[in-house]
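Before I ask anything, let me first share the structure, which is written out below as structure tokens.
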Amino acid sequence: MEIIYLIAFGLLSISMLLIFIRLLIGPTLPDRVVALELLATVVVAMAGTYAIFTDRSSFIDVAIVGALTAFLAAIGFARFLERGGPRDD
Amino acid sequence: MMKPGTLILHAAARFLVPLQLLFSVFLLLRGHNEPGGGFIAGLVAAGAFTLYLFTFGAAVTRDLMRVDPRNLIGVGLFIGMISVFPAVLQGEPFLTAQWWPVMLPGGTEIKLSTPLIFDIGVYLTVFGSVMLMMIALTEAEER
Amino acid sequence: MTGFMWNLLLAITWVVLTGDVGGINILFGLLVGYAVLGIMQRQMPSLRGYTRRLPRLLRFLAFFAKELVVANLTVAFDIITPVWHMKPGVIAMPLEAKTELEITMVANIISLTPGTLSLDVSDDRRVLFIHAMFLDNEQELRDSLQDMERRVLEILR
Amino acid sequence: MIDTIVNWIIALFMLTSGIFTLVAAIGILRLPDLLTRMHASTKAGALGVALMMIAVMLHFGDLVVMAKALAVIMFILITAPVAAHAIGRAGYFVGVPIWVNTVKDELFNRYDADTHRLRSGLETEEELEAMKTATKDKPRIRVTTKK
Amino acid sequence: MQLAVLVIYLAALFTPWLFVRHQHRTAYLMALVPAALTVWFAMHIPEVAAGATLVQEFQWVPGLDISFTMVLDGLSLMFALLICGIGTFVVLYAGAYLKGNAAQNRFLVVLLAFMGSMLGLVLADNLITLFVFWELTSITSYLLIGFNHQSAEARKAALQGLIVTVAGGLALLAGFAMLGMMAGSFSIQEILSSSSAINQHHLYSAMLICVLLGAFTKSAQFPFHFWLPNAMAAPTPVSAYLHSATMVKAGIYLLARLQPELGGTQLWIVVLTTFGAVTMLTGAFMAIRSTDLKKLLAYSTVMALGTLTLLLGIGTELAMLAFAAYLLAHSLYKGALFMLAGIVDHEAGSRDVTELGGLRKNLPLTALLVGVAALSLAGIPPLFGFVAKELLLESMLDGAFHSFIYVLVMVASIFVVTVASVIALRPFFGAFKAPKEREKIHEPPVAMLVGPVILVILSLFAGLMPALAGGWITQPASNAVAGFTVEGYLALWHGLNLPLLLSAISIAAGLVLFKYWDAARSKMKVLDPIVARGPERGYFWFMDAIVWVAEWQTRKLQNGSMRNYMRTIVLVFVGLTGYTLLTRYQLHWNWDVSLYFHEFIAVGILVAAGGAACLTHSRLGSVAAMGAVGFSVALIFILFSAPDLGITQILIETLTVILLVLVLFRLPSFSNISTTRERIRDAAVALLAGVLITFLIMITIDVQLFEPISGYMIENSYPLAHGRNIVNVILVDYRALDTLGEIFVLALAAMGVYAMIKFNPETSPGANHYAGTLILPKKELNEKDIVHSLEEIHQKMLEEQNIVTAGSDNDSDDEADEDPYTTDRDEQNGDDQESDNREPRS
Amino acid sequence: MEPIMAIAVGLMYAAAIYMMLRRSIVKLVIGLMLLSNAANLLIFTSAGMTRGAPPLIPEGSTIPDGIVADPLPQALILTAIVIAFGVLAFAVVLIHRAYNILRTDNLDQMKDTDT
Amino acid sequence: MSFEVGLPIVVPLLTGALCVMFWRYNAIQRALSLVGSLAILAASIWLLVSVLNEGHVVMHMGNWVAPFGITLVADMLSAIMVVLTGMMAVAIAIYSLASASPSHERFGYYPLMHLLLAGVCGSFLTGDIFNLYVWFEVMLVASFALLILGGERAQMEGAVKYVTLNLVSSAIFLSAIGLLYGLVGTLNMADIAVKLGSAENPGLIDVIAVMFLIAFGIKAAAFPLFFWLPASYHTGPVAVSALFAGLLTKVGVYALFRVFTLIFNQAPEFTHELLLWVAAGTMLTGVLGAAAQFEFRRILSFHIVSQIGYMILGLALFTPLALIGGVFYIMHHIIVKTNLFLISGITHRLLGTYDLKKLGGMYKARPFLSVLFLIPALSLAGIPPLSGFFAKFIIIRAGVEASAWVVTFIALLVGLLTLYSMIKIWAEVFWKKLPKGVDDTALTAGKTSGSLVVLYIPVVLLGACTLFIGLHGQPIYEFAEYSAQQLLNPQGYIDAVLGGGQ
């Protein structure tokens, strides 16, 4: 069974890496923000995986908080753009 | 007055904020046994109101909160301080945890304790502090 | 909403009466409350149609899950294949939904459906602007979106 | 026996979740413009989490955990599109480049550069007039900043 | 005796209060205090003359061996009498001299305080107590010299006197510390009576030099003599009191006091005789170059101080006799002369002898008194000055010294006769000459004359009855200085001997020199450059050097550049820690690199995001990268069993990003001003620090010295603290105090943020002035640096980026985007790699 | 794991310090953020890292089953995170205000109180 | 139960919390502030008495025995520091009545001040290294907020440096704690001392010691880490900078004293030698920095640096007498430096500037103020019989007895240069004629206004303390001696905390 978990972890990790690359290359701010948002989502999935992996349900709480809060950053960025912040920045 | 959010955001915020607040209280109350606690709960609550802030603006959020964040901080700190003293009555050092089991009608026992009071103080302070900063910053920006 | 509140209230009463706060018991309380409301709703205007929503909701969820997976696969296919099959574009969709909540629900559901993404609602709330990935057959897309909206509204109204 | 089957189902969910997440990641990396990338991130991402949470539900089988996992799914399903809407809209309006092969843009002409109002295109003449003269509702996007 | 000192201080304290009612008459009232004390001390003369030593013990800080014990022996008695006696006259004199001056009360306060300090100095038994009074005399004298504080000249002179004497005082303190350590006590009596061979101690030389530095600076010995003439900026009573009779003799007093224990060594003899003789000559030489009455007197005082030092250096019994006699004689005539010079200045309006002449008609009494005192100064019988001078010459001839010193003494004696003549004759004889009109010049009030009259009478009296003066006053003093009963006596007539001859020669030569004084002075102008290169230049050089070094250091160290501060601190950290690590620890560790792929990715993203946050040119890109850092940290926390931390990290990260986004809205974008070299240097510094940290962590994880205490926490979390989340239990119970502090930190930060945003000079005008905040003028900005709006910021950023990317083929999306909201989207030029062949949309 | 983390943390420190040596106050703040994260990770790493054993006591027992991660550093880090957040918020707004008043984000132009 | 050891922390925390609660009502805040500061003083004196009776006063917070919980410990040094904090609290509270504007009060002046005091007291009393970090931060953030209160340009410029460099210090401190915990697995300082005492690897301990030295060195403004202090201390409201001047850097010094006597005492030939050079550099650079300045508070700020050098010198020499000197110096300096800043505030009130070139005429117009200035100024320069003299004398004597000639020479030289600076202020502000064009209406106003009287009260009180210590130094000396004795024998501290048996 462990191999499955590790494959799942591997898939999520590679996802993180790819998302991170998008975060780096942008090119515009919204692109980065979308990447960041997705990164947070993957962290939530990671927490879930880890909960299964270690058989500890406590990690689900992390997932809940992640799911509930992480999008706020995106809203913040969106607000920045809406108020006239430069998109290239 | 600039209209801060969009329709979709408005609706989402109205829906999400109560959920987040509820969740924050949940985190607060069971923090002693599971991940959570006053600090985390306070941050979640602050996150909720920050969403509201971004969606509806500072004035509306202030109105929603009713209490000035500084009062929240003051009360939070004061509650935090309250938990310092009950032990003195027992001749025990400051901050010694005191537990008062309370029997609810229906046979359930709830344990009131100074750590819980303390956690509530933490919750209010954290909540108040973050909101004080966020609202002030937003107001400065809205000017 | 009122209906759900009543349901919750009944469940809580059930829990208090039985004196057992366990999760199973709460669930059972909810079920009992739901059943009771099913009987009562004919006499109370504010509760009218409450119990009908549950089956609708379940049906919608099934539909939505199917859409989610199937359409996701389409998108996924396009993503992982080297050549782009997509024909993206922004379309304006006239809205049936009226209230803020309805519009938001519709918009969100559409966003969650692969291939479509709600961008914004016009100021007069009549039109939802949607970014779609596959505009090969625009009318078909519009139809399915309208179908989706109808289903959502069915639950909400 | 049942345990094994459940385990395999869990494994299936986990792997699917991973794959969908990966698809989202590839999508966000490969897709040509912001809006299409957001398709990948919103759906595949949400689906990835949802599937993982279903795996969690199955794995723990505990009611509380199931409720929590359900909450995660619900929250993701609510917040992901909202965030996508916020970013997509803002990105579009500040002029983030759009893919050249985009075939249609009905939003394009509905957006008034002067008043920054978003018209539906279904307004009557009077409504349009009223919109132009209504000064108290300022645009949602700031045109200029304070000097 | 403690009471005596205290009474004077109390008198000082009450003066302002009395002054309100009695004005300048307060001085006459106050003169009663030293007068009474003079009487009181005089009553002890017989006792002390009989060889008794009065001791009054009193503890002060016993822990430090500092006592307030006071001792009255021959030496202190002589000084006490001089201090109180001359003090009485000076206070009286000051009452009249400064009549009508608004600051007279302050003057009296400080003068009395000085008197108390001086008295304390000579009575103290404890070295440290002595030092306390020593410094007090420096400070009070500073205040007195700077009496005319609105004149920059006076301030400068006062500062000079203070710096020189305090510098010496600090050396003295070190000397005392050493002496106390060597003798095992700070009590002078114990030191003098102890059997410890202090002059054999290996620190003796160092200690002696320190003590001598103190004494020499205070007593204006060469090369520190320059401050004394400059101190003549002080009002005359001050000069009369401090700079002739008392304070400048404090150093002499100290040397005399310690002579029995410290004296007699080769070092002592050589240093004291050499510096004494040189000082003597310097004083005499400088005196005849001067035309200002007070300068003349001041330099002759320098000469006298040199003489006294010389005598202490000689150290024979005869020298001790001469020492005490000379000291007394000098105090008597010099005190009188200063006061008289003040009268001349006061009445005639000048104290420059070249501007004065023929005043004897208007100031007959003054002229007479000056004449008599000058006789004493010149050492002419039957005045006490003669007695002292005879003894001086005798003890000179008695000792076996280099002939150089004889010559010096003779030259000085000749010059001093000239000086005396100048003082006595030039202002009073010849044609009338004075800045003031003749009719307005008349004898001063009695209060100003009392002192000179009595002092001159005493000079005469002591000269006529040297045995009496010797037996009662100077011989007990000599005994105290010598440390044993000195054989010998004071007499006016020692018979025809070599000293008498020398005396006669010097008088004759001095008179001859006086005749050609004006010519000689102009001839001596040739020497001015040499004089100008005197030790005073050293003082100025030192003061300039301080300011120069200070400014240089400030330019180098405290140069206002935060980055320099930062870099210094980091380098210190790296240097010190690295040095310690390399020199004091053997580097060794075991690698344990078992890790999962996903962990590696998490860490990799962490590092990459951190790097990206550094290297990106976009502010918000940097913020987004920080978000990624935060999420990877959260992931690491999750992967390593810290769910609470994971949750907190996610929440905090989100809020931080929001905060940054809110704030960055108003801030300009990054600009690349640093040169590549700068960046490489900073990167090197940063990397060094990073490597160091890595090493430290590696060592720490390799070395686990003890079991952590958290085992107890884990075991008792549920049974005792009723919590299942141990981290939370630690936070709210085990370490609740930390958490208590932490919420206060957060609250404080919030209050600070709130205040920053809402409270500024515009919102609350005047508030900052009221609170005493530093208010700088509005900053002048270069027009090109002023940024008015976001568009400009944006524009500027783009321009800068164009500059940065100019020449590179990396065509990114930073085109000059005049209006980002344009509806005419198609006009936007290609800005994506993917958007090369844009098609029209419908 | 720890050695890798040690290197990562070292790099974080380096990045933080590098940022704090820039002229721009915004970069300074980014540096501060990195620094506080790095310090937290340092504590986390040097106290030893444990996989999959959160310091929680399961229902029904009074001590955790098996070895759990050291809860104390976690509590310390939690405190440190909060403190760092407060401080950082302050710093961020400070540069905001400083910029508003001085109209420059160049640290080298902030010398008027200090030369 | 020894509540007195907790009260000096709890009282200002409570005052602060209450002040925040009543943020709308300035009058209530003022009253709370006054009562609160008096209460700190009372509690601290209670503590001092207890320490004199019992040697060490210990309280295990939350009733968790050491080393598992956080233990508050007061030895003589802590008690002295806390008493001084109480005194400063009262002085500043009074001064603030007439120097804090209503705006300042509305924006948290009083709670910030009391929480700063809480942080200071907490730092002095805690026996836990991480808890020390927490109190440091409380103190630091409170000081940040106080420093910028008013939003002047100078404040912002100063604060950027103050905040950044202090945060660097905190980061180093935190890192050192992390490493230390990794090594010994405990946070209680007495426990750390026991464990390090029995550890085999002193070299590594020295590395940690050096990190602590740097972290606390920054807080204490030691050479070459002091830059933040002269850049910022003179910018804030004057009562605030007075409080900072007296207390904040002393917390760093206290921490150095604490850890380098209790924990890192294994290799004094290395660590304390290092401290010696730090001390020498601090004394010298500080005093030279001042010589180039012409701003009242800036001169004083640089002198804080130089005086810190003396205190560190006391620790570095590490002999009983030297430690006595160090402690004595701390006591003296807190009072004197606070007082000097307060006086600078009065002259500012009278003439509206801190620039020496624009000040003047004070001696003529305000003779009483002149005397009040001379007392602390001369004391700072080490002129007898004021408190500073004994402080300096003990240090110098200790230096001589330890044959540390170079530093002793520097200490003496610095004494001279300190006098030079003080005299510069005296000559410029008091003696010099008032320069033309300076508004002197407040200066020449015949009657002393009520608010000015309030400003004088703490100055007089502190001046009296300086005089008292100078004239009757024995009790203070005994306090210092007692604390030095305890510092040199950490076993007593360890036994008191760990219960002796462990």
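Structural remarks
Which chain is which? They are A, B, C, D, E, F and G, in the order written, and residues in each are numbered from 1.
Keep this in mind: contacts are C-beta pairs under 8 Å (C-beta built on N, C-alpha and C of every residue); 3 or more make two chains touch, one makes a residue touch a chain.
Note that the structure is a prediction, hence the values are computed from the model and not measured.
Looking at chain A and chain C, the chains in contact with each of them are B, D.
Interface comparison, B-C against C-D: more C-beta pairs in contact at C-D. Centroid distances built from C-alpha atoms place C farthest away from chain G.
Among the remaining chains, the Cα-based centre furthest from that of chain B is the centre of E.
In this assembly, the C-alpha centroid of chain C lies 65 Å from the C-alpha centroid of chain G.
Taking the mean of the C-alpha atoms as each chain's centre, chain B and chain F sit 24 Å apart.
Distance between chain centres (mean CA atoms), chain D to chain G: 56 Å. In whole angstrom, the spacing between the mean C-alpha positions of chain F and chain G is 28.
Residues of chain G in contact with at least two other chains: 13, 16, 20, 61-62, 130, 134, 137, 141, 144-145, 148, 151, 153-154, 160-161, 164, 168, 175, 179, 181-182, 187, 230-231, 234-235. Contact of a single residue of chain D with at least two other chains is seen at positions 26, 32-33, 38, 46, 64, 71, 75, 78-80, 82, 84-86, 88-89, 93-95, 97, 99, 101-105, 108, 140-143, 145-146. Taken residue by residue, chain F touches two or more other chains at 20, 25, 28, 38, 42, 46-48, 51-54, 56, 72, 76, 78-79, 82-83, 86-87, 89-90, 93-95, 97, 101-102, 107, 110-114, whereas all remaining positions touch fewer. Note for the complex: chain D touches chain A at residues 7, 10-11, 14-15, 17-19, 21-22, 24-26, 28-29, 34, 37-38, 41, 45-46, 48-49, 52-53, 55-56, 59-60, 62, 64-65, 68-69, 71-72, 75-76, 79-80, 82-84, 86-91, 93-97, 140-143, 145.
The part of chain F that touches chain E in the complex is made up of residues 1-30, 33-34, 37-38, 40-42, 44-59, 61-64, 68-72, 74-79, 81-83, 85-90, 92-97, 99-108, 110-115. Interface residues of chain E facing chain A in the complex, by the touch rule stated above, are 596-598, 600-602, 604-605, 608-609, 612, 616, 618-621, 624-625, 627-628, 631, 634-635, 638-639, 643, 646-647, 650-651, 653-655, 657-658, 661-662, 664-665, 669, 790, 793-794, 797-798, 812-814, 817, 820, 831-832.
By the touch criterion stated above, chain E contacts chain B in their complex at residues 643-644, 647-648, 651-652, 654-655, 658-659, 662-663, 665-666, 721-725, 727-729, 731-733, 736-737, 739-740, 743-744, 746-747, 749-751, 753-754, 757-758. Chain F makes touch with chain A in their complex at residues 51-54, 56.
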